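Dropping the structures in below, format is structure tokens.
Both complexes shown next keep chain A, but they swap its partner, so chain B is in the first and chain C is in the second.
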Partner chain A sequence: MGRILIVDDTMFMRTLLKNILFSGGHDIVGEAADGAEALAKYQELKPDLVTMDVVMPKMNGIEALKAIKAADPAAKVVMCTAVGQEQMVKLAVKSGARGYIVKPFQAPKVLEEVKSVLSA
Partner chain B sequence: MFDEEGYRKLFVEESRENHENIVNNLLALENGDDQQAAIDEIFRSAHTLKGMSASMGFDAMEHLCHSMEDVFSLIRSGRREVTATLTDLLLTCTDAIEAMLDAIEAGETPSGEQSASLVQELQAFAEEEEGSAQETPPAAAASAGVPPEQAEEAEERPLYTLTVGVDPSSTMKDVRAMLLLQNLEEIGTIHSTTPSRELLEDGKFDGPFEILIESEAGEDALRTIASGTELSLLALSTPQSLPAASEEVRAPEPAPSEPQIPPPQVQRAAKTEKSREIKNIRVDIQRLDRMMNLVEDLVINRGRLEQIAKKHGIKEFDEALSMVGRSVSDLQNLMMGIRMMPLERIFNRLPRVVRDVANHDGKEVEFSIEGGETELDRSMMDGLSDPLLHIIRNAVNHGIETPEIRNASGKSPKGSLRLTARRDKDNVIIEIEDDGAGIDPERLRKKGVEKGLMTPEAAANATKDELVGLLFEPGFSTAETITDISGRGVGLDVVKKTIESLKGSIKVETEVGRGTKFELVLPPTMAIIDVMMVHINGMRCAIPVSNVVEVAQTRLEAIHRIGNSEAILLRDQTLPMHRLDDMFGRAEKSDTLVVLQNDGRRCCIVVDSVDGQQEVVVKPLSSIAGNCRGISGITIPGDGDVVPVLDVNTMI
Partner chain C sequence: MKSVPIKVEHEGKWIPTTMGIAEDRFRIDAPLNQEIPYKSVVDLEEKKNQVIITTGANGEGVYRIASVEKVLLVLKKFVITQASAYRLNAFFMSPAIRGGVLVQNAQWEKGAIAVMKTGIWFVSQEKQVCIPLDEVTGIEVTSREIQEKNLDVVKIDHLIENELVTSFVLCPLTTLQVLYNFLKEATRDTEVSEEIDPLTGQVAMLVYSGMDSSAIENMLKLSHKDLDVIYEKLLGSGLAEVLYVRKEVQLTPKGVRYISESVKSPMD
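After this line comes the complex of A and B, so read on.
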């Protein structure tokens, strides 16, 4: 199971995701509320996987993804997205995102995606 | 799906912040502030609200936020203008969201009945545009000329055909396909896909698709990738040699990132940054109250320990105790600090109120807020909110004139309304100042008599201050008619009572034709106050220092009987005198007087002795004791005695 960094600007979503991932046996090593914090935490914690919200203040998820990828090309980032954001997610995939999960989160799908990205 | 209750609180809290952000940015949009930043903020907040409400299963709210997000998506891309009608509609939507949040907080699940029509209206707005602004499918033509990579040395690698199906329930099958192709490219070279890669990545496919890939990674690696989330590998053909013609059917590489998405906003208004900083402090209010109670107990017990120490005089013990004392003081100060909240929290909803009232009355108002960062104990925030709202409404409704009248009297058509807050030594001062018509003392004079609040003689001699004071009398309202905006059955008398219950005071200055200014003076915190300890008729009692004018010695001859009560002539001033026999029992003869004041009126009480001044924690009387007239609470000084705190307000 993986060491995961959760990035989302709302504590609500972070808590939700944390509980889902925790129930799947993952280890939540850190949380970040915006892109800049995500980059700093990534470099500090070196997690196995990052869940990254797309829409965030200061530095959005795509920029944070790019920054993390620039710092560590092998970084595994899963985008957290919502219906209607296909274009954003495609941009993220082109920038190196390894997967995506869709809000509202369904625990089995989240765990499946995280597992499949971790094992790849 | 999950333990909903556990998240409800957090959900409501964060949703309210996002809701407020939308409202404030809508108003900023209307004021012509930084448009792009405001639009981005609204979009982001609507999006966040949508995601959160969907997770909680509040469908009505999700749909509404989704529709708002759609509209703002169009505005963001410049395909829709923000009009006044749209702003109104969006503000109505935010009202609906607020109502839903209220319902959610109360443990209900909001129904979609009220919001359904709003969703329809929003959709109508969004669809209106759809026909005229057809978006070309992104990146359709961009990739034609990309040169094939690694074509030459690929000849001897094994070639596979994968048939893959995407789970029909997948929310973004296009992205899923794209991820698959991208992952496959990491271990091989994709030669072709059926349907074409472009169609796949646009989601224009039904059912399974085929991928022709050249890879040395082996079947297992391909299987792993092709059976990832929401994918099923339906078939994998055995290795074959690369067909000679493959290069012609080779799918183009994905074009480098296309500029379909506007560059994300990195810099945001400083204001937003600030509100974000506040967000990070999140403590359950009830826990804070409990902590405060514990700190108060500590303060009380420290006092007891000090008295014990005094009795025994052990040096080491004294030293240790003084260290404990210092920590307790620090802790107490810290707790007080934590309980403080910036006034912004209640100021933020006011611009919306001003806008609504002004629109309703056909007035133009420039509303400015200063000093929103001034802090006040959170227990006072709740009580302050309604009085402020009332005064602000009044100012727009009754104070500021219509543009025509203002023009006629040589003023600028746009009225000004200023709300300022500042910390002044021991008090927080909040001022609400308008440049409207002011209040005519002559009208107050007439009305005071009409309402039976003053005799005609008293009215004729009344000073301006006395006349203005009438405003705070129950049942007095200067407005000719009661409007649905400010006249909600609550008068300034209620405002005054509320402010006084917060241990504050309210003052009004007005000048005809120039405007009116309300001044609220509030202590920054209520829990700990300075009191004067006195003995009355042999019993201890505490009087808030803020109510004490002076301590005086008097001769018994100066006391006069007037009817049933007594009065005393003190330096040319006649003061009513109370002995508080009914509260504390019969007095011994004493010549010490404490002069008390509340709201400009004075009286004096007889006390046996004045023991000194001290900072104490005032605890409310428990519900068992009920309301006790004349006593605002009790305090427990160091010796463990229970001492009542006089409520001077009810005495005068």
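After this line comes the complex of A and C, so read on.
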């Protein structure tokens, strides 16, 4: 079980992910609504894993991922992309993402991916 | 034509018999005693260890055949590659995304695609995949990076055991649009034509994600009655189906007496 930071610009998606991850026994240590806030929260909370939306205001998910990896190369970040943004996945992997989930997602698959990244 | 053991459904019963599989036709022995050219086949369905083969423009012949996997694989391959269907050679990747997670070892496979009455079939040397048309949830032409080039592909979203799966088809540009149009037409029945308000859309998303009614009520701050109204909208528009009916109860005086007595200590 891990301490997780959820990053998404919509409260709805954050709440959904929070419910799913909580039901899987994880601790949600924080939430962020954009990339800049994600970087600040990461440095403050040092979570075990970050779920990161790609399209966000201020600093997008890829930029935030790069910034987090620059600050902590061991950071475990799982990208959340919408259907049709699969091209982003390659970019995210190149930038150091450990996993990815595509919206809309189902709870068991999210938990499986998070578990796999946490245990890697 | 080499004969293999099968069971065939005849007059409502499964009858053991034999089947011959040739290059251009198959034969079912007694009690059917029929030879069926693959080109007369208009539909092929698969159910566990059975296939259902429909022949004739109006579906005059329906053959339900049960056999071991090896036999059905050979039969299906001949049917898919020769049946009366929209068919083309293409590359496919199925599944590419499953339940919102990219399938790590997904690969492009070279093969053929046949669009039949009830399903889209992919067949390669290694694989036979069927996507039933009534399980298709979306079709679009999109761009995908393949060998460092951005190429147009047809993306098919579909359900497998209530899990959203995405498959891709890659074929020459000249046939890509034709395939897309053909698939759109074949799946017209499952297109969403109704306007869905944002709240109903959010509820649908939560249902898909696996949230139960209580979780949805808590997350969206909805009353039980409000959620029921939204469920009715989803049911009415064919976007959802009833899984089970939940009961809400209150205790009768007998029930209250029971729980009152159950909390009393022996000293009371």
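The rule is short, and it goes like this: the second predicted complex is superposed on the first by the 120 of 120 C-alpha atoms of A that agree within 3 Å, B and C clash if a C-alpha of one lies under 4 Å from a C-alpha of the other, contacts with A are read in each partner's own complex, and residues count from 1 in each chain.
The definition used in the following text is that a residue touches a chain if its C-beta (ideal position, glycine included) is under 8 Å from a C-beta of that chain, and two chains touch if they have at least 3 such contacts.
On a predicted model such as this, the values are computed, not experimentally measured, just so you know.
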**Asked** Given the superposition on chain A, are chain B and chain C in a clash or a fit?
**Response** clash
**Message:** I'd like to know which partner A:119 touches here: chain B for first, chain C for second, both or neither.
**Reply:** first
**Request:** Check whether A:108 is in contact with chain B, with chain C, with both or with neither, and answer first, second, both or neither.
**Result:** second
**Asked** Touching A:1 in the superposition: chain B (first), chain C (second), both, neither?
**Response** neither
**Prompt:** Which partner does A:98 reach: the first (chain B), the second (chain C), both, or neither?
**Reply:** first
**Message:** In the overlaid three-chain picture, which partner chain does A:40 touch, first (chain B) or second (chain C), both, or neither?
**Reply:** neither
**Message:** Touch test for A:63: chain B only (first), chain C only (second), both, or neither?
**Reply:** first
**Request:** Could you tell me if A:55 is touching chain B, chain C, both of them or neither one (first, second, both, neither)?
**Result:** first
**Broader residue contact with chain A after superposition on the shared chain, chain B or chain C** = B
**Request:** Could you say whether A:89 touches chain B, chain C, both of them, or neither, answering first, second, both or neither?
**Result:** both
**Prompt:** Looking at the overlay, which bit of chain C runs into chain B, 76-84, 94-102, 130-138 or 238-246?
**Reply:** 94-102
**Request:** Please write out, lowest number first, the residues of chain A touched by both chain B and chain C across the two complexes.
**Result:** 12, 15-16, 19-20, 83-84, 86-87, 89-90, 99-100, 102-107, 109, 112-113
**Message:** Applying the document's contact rule, which stretches of chain A touch chain C when the two form their complex?
**Reply:** 12, 15-16, 19-20, 83-84, 86-87, 89-90, 99-110, 112-113
**Prompt:** Can you name the residues of chain B that touch chain A in the complex?
**Reply:** 1-2, 7, 10-11, 14, 43-44, 47-48, 50-52, 54-55, 57, 66, 69-70, 73, 138, 171-172, 174-175, 178-179, 182-183, 201, 203, 224-225, 228-230, 254, 256-257, 260-261, 264, 266, 268, 272, 276, 280, 282
**Residues of chain C touching chain A in the complex** = 96-102, 140, 142-145, 150, 155, 157, 163-164, 166, 202, 205-206, 208-211, 215, 219
**Of all residues in chain A, those that touch chain B in their complex** = 9-13, 15-16, 19-20, 33, 55-60, 62-63, 81-84, 86-91, 93-95, 97-100, 102-107, 109, 112-113, 116, 119-120
